[in-house]
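Below is one structure, written out as structure tokens; the observations come after it.
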Amino acid sequence: MENAPILVVMAPFIGAYLIPLLGLWWERYCYWVAAAATGLSVLFSLTLVGSVLAQGTIYYTVGGWEPPWGIELVVDPLSAFMCLVVSLVSLLAGAYSRSYIKKELPEGKATSYYTMMLLLTGGLLGVSVTGDLFNLFVMTEIFSVAAYALVPMMGRKGSFLASYRYLILASIGTSLLLLGTGYLYMVTGTLNMADLAARLPVAYAYHPWVVLAALAFFLVAFGVKSALFPLHAWLPDVYTVAPAPVAVLSTLVTKVGAYSLIRVLFSVFGMPLITGAIPVAPALSWMAAAAILAGSVVALQQSDIMRMLAYSSVAHIGYVMLGIGLAVQLGLTGGILHILSHALAKGCLFLCAGAVMYRAGIRRIDDFRGLGYRMPLTMAAFTLAAASIAGIPPTVGFMSKFYLALGAMETGSWVLVAVIVAGSLLTALVYLRVILLMYFGAREGPQLKEEPPLGMLVPIVTLALACAVLGIFVRVPLSLVGPGVRVLLGM
Amino acid sequence: MSDLVIPGNVPYFISVALLLIGLYAMVARRNLIKKIMGLNILSTSVFLFLIAVADKRGGAPPITVPGVDLYVNPLPHTLVLTGIVVALALTSFALVLVIKIYQEHGTLDADRLMKL
Amino acid sequence: MGIAEFLLMSLLVVLAVAAVFMRDLLAATVVFMVYSLLMAIVFTQLKAPDVALTEAAVGAGVTTLLFVIAIAKTDRREEDV
Amino acid sequence: MYRQLALLMVLLVAGAILTLAVTDMPAFGDPGAPAHRHVAPRYIEMAYRETGVPNMVTAILADYRGYDTLGELTVMFTACAAVLSVLLGRKRR
Amino acid sequence: MTTVIIRTTARILAPFIQLFGLYVIVHGPISPGGGFQGGVIVGASLILLALSYDLASAEARAGHAIRIAMDSTGSLLFAGIGLLSLLAGGVFMDYGIIPLPLPAAQVRALMILLIGMAIGVHIMALVSTLFLHMAEDHE
């Protein structure tokens, strides 16, 4: 399985090429092709994880040209971790989609929906495994275009506008990404990440401003992609109008944006540059602190469940960025672990909200009254995921925040520790409001049990259980994150 | 007249100017189609920059011809080719969205759309 | 770099400004097409024939066509404040 | 009013960063610039021998960096599917 | 009257444009151009036909299904050539390893030509699809 690094990307792509062809005649098989392609990439991700744990970082040269002449794929523990998270969550979102889109999507859109989903997954996986800066740009564009297209799938009012605003904002980011790549190419003559890292110190000595400008462009580009606080304007509208499984995939998009930032900051620019002359990393952590507080406070004021979850996402991207900005082992571990915990928990919450809309047609939080008795299993999963997001002990959300707090203590910035704790309390408040309404709100009318269909329930429950189980056996994800962080910090 | 040499990195400055114009159009112009035009100007400015990076004084176009030694750098050209395709992809999809927005709301003015 | 090239590149900036500030979208699209063609010429001068060909086909051809279709389906004039 | 000011600030900051970077760049057209010394020479010298294609841009596009071109094709494919998904939808049943 | 002139001109012109597009695709390896540019040119000839006739007949000439199929086939061909070298025992897109009775560089040149054609087919289908669907009345 030495070809797993490329196959993990090509499986969804080839599936995506096949689906429009199939959709012309046999539309009902599209789902199975999509499921098979995503399932294959899960298998290849598992293979990658296995071989990374066994033999360390994998290098794969596409086309047989040795780097830096050809494109190199580099799978270190962190990449394998991202692959697994992305492909697993996509698989669950895809499984959930089958029943969901039958009711919620207009007729005849299933083909393009699955095509887009596979392209999005493939692009995200492509970003996760790549070791080449320009390839990162290309893969980013693939998943971005797929994400823009998935937003207006349901044809809700205002969805085209949300998609358009997302496109314009994100294209500024990706244009700057290309420009930054060009700047780095200009002063180093290479596009390979490892090669760039080796040649940047010299380039920085000769052309410091070019390198710093490139760094600024990358920060803006990935800041937009990952919805970092002042650049998050696209996110609430997108999450509000998008189908629920697409909202889950969008959380993956923001995570992969954060991952790309980690790659560029630590694997390309390197520690001396981002903490030295211009303190990029500390600035990032302060922006993240602002994101945590602002996102949580705004989430408290929302009346629409999807919008509330969206602002909560802004806050939680802040946690990931805080971990990156701390740039110490414990903090980075916490940040990367938070990628996992947030993807699982927020994925589960979005799927639950989607199930509520599917069954009861409810979006307003005030209407959640008594829902805990109508959809007990879904709402139990909601509660569990909310506990993980708020950081209540046995869950994986607690572990990631715990590591973040330890990292903040290590750097000695008590303000950041206070922000982490305050953010957790605010998050708990946000979700407690919903949960209290669900279970203790006055019930009226006949109380029917109406769980969503099995195809939707299974992904919800799986994600919720994963939040709890991975929190108890936190050593499992840490066995990948730990080595990943050590590789990043060059230890 | 033609041997008058303009000093400095003129193409780079031109690309900076174009980038700022494009950025202005994307952020400040209220018409949605103008924003897309701005996106195109922004990306062509990046392409101009990359092509200018590739240029060598006295270099030949990057097609192997016997007896020529000095070719310009072909790598940025391929990057730009890819970039042009990506820009086309974004433009086409954005324009379709604009058509749909117009059908839904009856206006292309960003401020008016925000108020809806 | 000679004066001719310099003037050509300056014209790019002028055309870009014109395309952005014109209130008639169709006219702006035509200006944008000229801008793309000029960009293709600049690419040729910078010894990038492949890119010039692509820019001429895509920027001046397909993109302009798509703009024209979009304008035909929506409003030709920018709305006033 | 505040929006105009904020916009002006953004443009000024972007312009300042770009101008600083541009004044710091290697000279335009210099054959000895860092970009021309590291990776590109191999393409220029070996492309014809290694791929049998005189056009270096095509050689890089389709062979050395063929994976990027596949990605580029996929972007276009995505855009086409995206356009169809928006435009078809309810019309064809 | 004018429509007749336009139609006749378009009809006479279109094959030449297509021929030129094919030339650009096939000569991609040795002169400026390639699959992408040639594909756009051939696609443009289809658009010319569509503009001179009406959209419905253009749709009939190159139907929706055919264009989608070409679109997918172009991508699959490219990915397939990449996978071919993987099956031949090399890494993805390592064309030199494909077992053909030619020197490795020649095999690569051949595959580059094939890839150019795949891209050309894909882009041609795509450009005409973009145009036809955007120009169509959809309410």
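By letter and in written order, the chains are A, B, C, D and E; residue numbering begins at 1 in each of them.
Here is the rule we go by: a residue touches a chain if its C-beta (ideal position, glycine included) is under 8 Å from a C-beta of that chain, and two chains touch if they have at least 3 such contacts.
Please read these numbers as outputs of a predicted model, since none were measured by experiment.
Asker: Starting at subunit A, how many touch steps does it take at minimum to reach subunit E?
Answerer: The least step count works out to 1.
Asker: Which one of the chains is farthest from subunit E, going by Cα centres?
Answerer: Checked the centroid distances; the maximum from subunit E is A.
Asker: Among all other chains, pick the one whose mean CA position is farthest from the mean CA position of subunit C.
Answerer: So the farthest one, by centre of C-alpha atoms, is A.
Asker: Any idea whether D-E or B-C has more C-beta pairs in contact?
Answerer: B-C
Asker: Please compute the C-alpha centroid of subunit C, do the same for subunit D, then give the distance between them in whole Å.
Answerer: Computed from C-alpha means, the inter-chain centre distance equals 19 Å.
Asker: Where the CA atoms of subunit A average out and where those of subunit B average out, how many Å apart are those spots?
Answerer: 29
Asker: How far is the middle of subunit B from the middle of subunit E, if each middle is the mean of its Cα atoms, in Å?
Answerer: Computed from C-alpha means, the inter-chain centre distance equals 25 Å.
Asker: Could you work out how far the Cα centre of subunit A sits from that of subunit C, in whole Å?
Answerer: One centre to the other, that is 37 Å.
Asker: Could you say which residues in subunit C touch two or more other chains, in rising order?
Answerer: 1, 49-51, 54, 58, 62, 66, 69-70, 73
Asker: Among the residues of subunit A, pick out those that touch two or more other chains and give their numbers.
Answerer: 13, 17, 20, 62-63, 134, 138, 141, 145, 148-149, 152, 160, 185-186, 191
Asker: Could you list the positions in subunit D whose residues touch two or more of the other chains?
Answerer: 18, 23, 25, 28-29, 33, 35-36, 39-40, 43, 54-55, 57-59, 61, 63, 65-72, 74-79, 82-84, 86-88
Asker: Any idea which subunit E residues touch subunit C in the complex?
Answerer: 24, 32-34, 36-37, 40-41, 43-44, 47, 127, 130-131, 134-135
Asker: Would you pull the subunit B residues touching subunit E in the complex into a rising list?
Answerer: Its residues touching subunit E are 61, 63, 81, 85, 92, 95-96, 99, 103.
Asker: So in the complex, the part of subunit D that touches subunit B is made up of which residues?
Answerer: Answer in residue numbers: 7, 10-11, 14-15, 18-19, 22-23, 25, 27-31, 33, 35-36, 39-40, 43-44, 47-48, 54-57, 59-61, 65, 68-69, 71-72, 75-76, 78-79, 82-83, 86-87.
Asker: What residues on subunit E touch subunit B, complex-wise?
Answerer: 30-32, 36, 130, 134, 139
Asker: Touching residues of subunit B toward subunit D in the complex: what are they?
Answerer: 8-13, 16, 19-20, 23-24, 27-28, 52-59, 62-65, 70-71, 73-78, 81-82, 85-86, 88-90, 92-93, 96-97, 100
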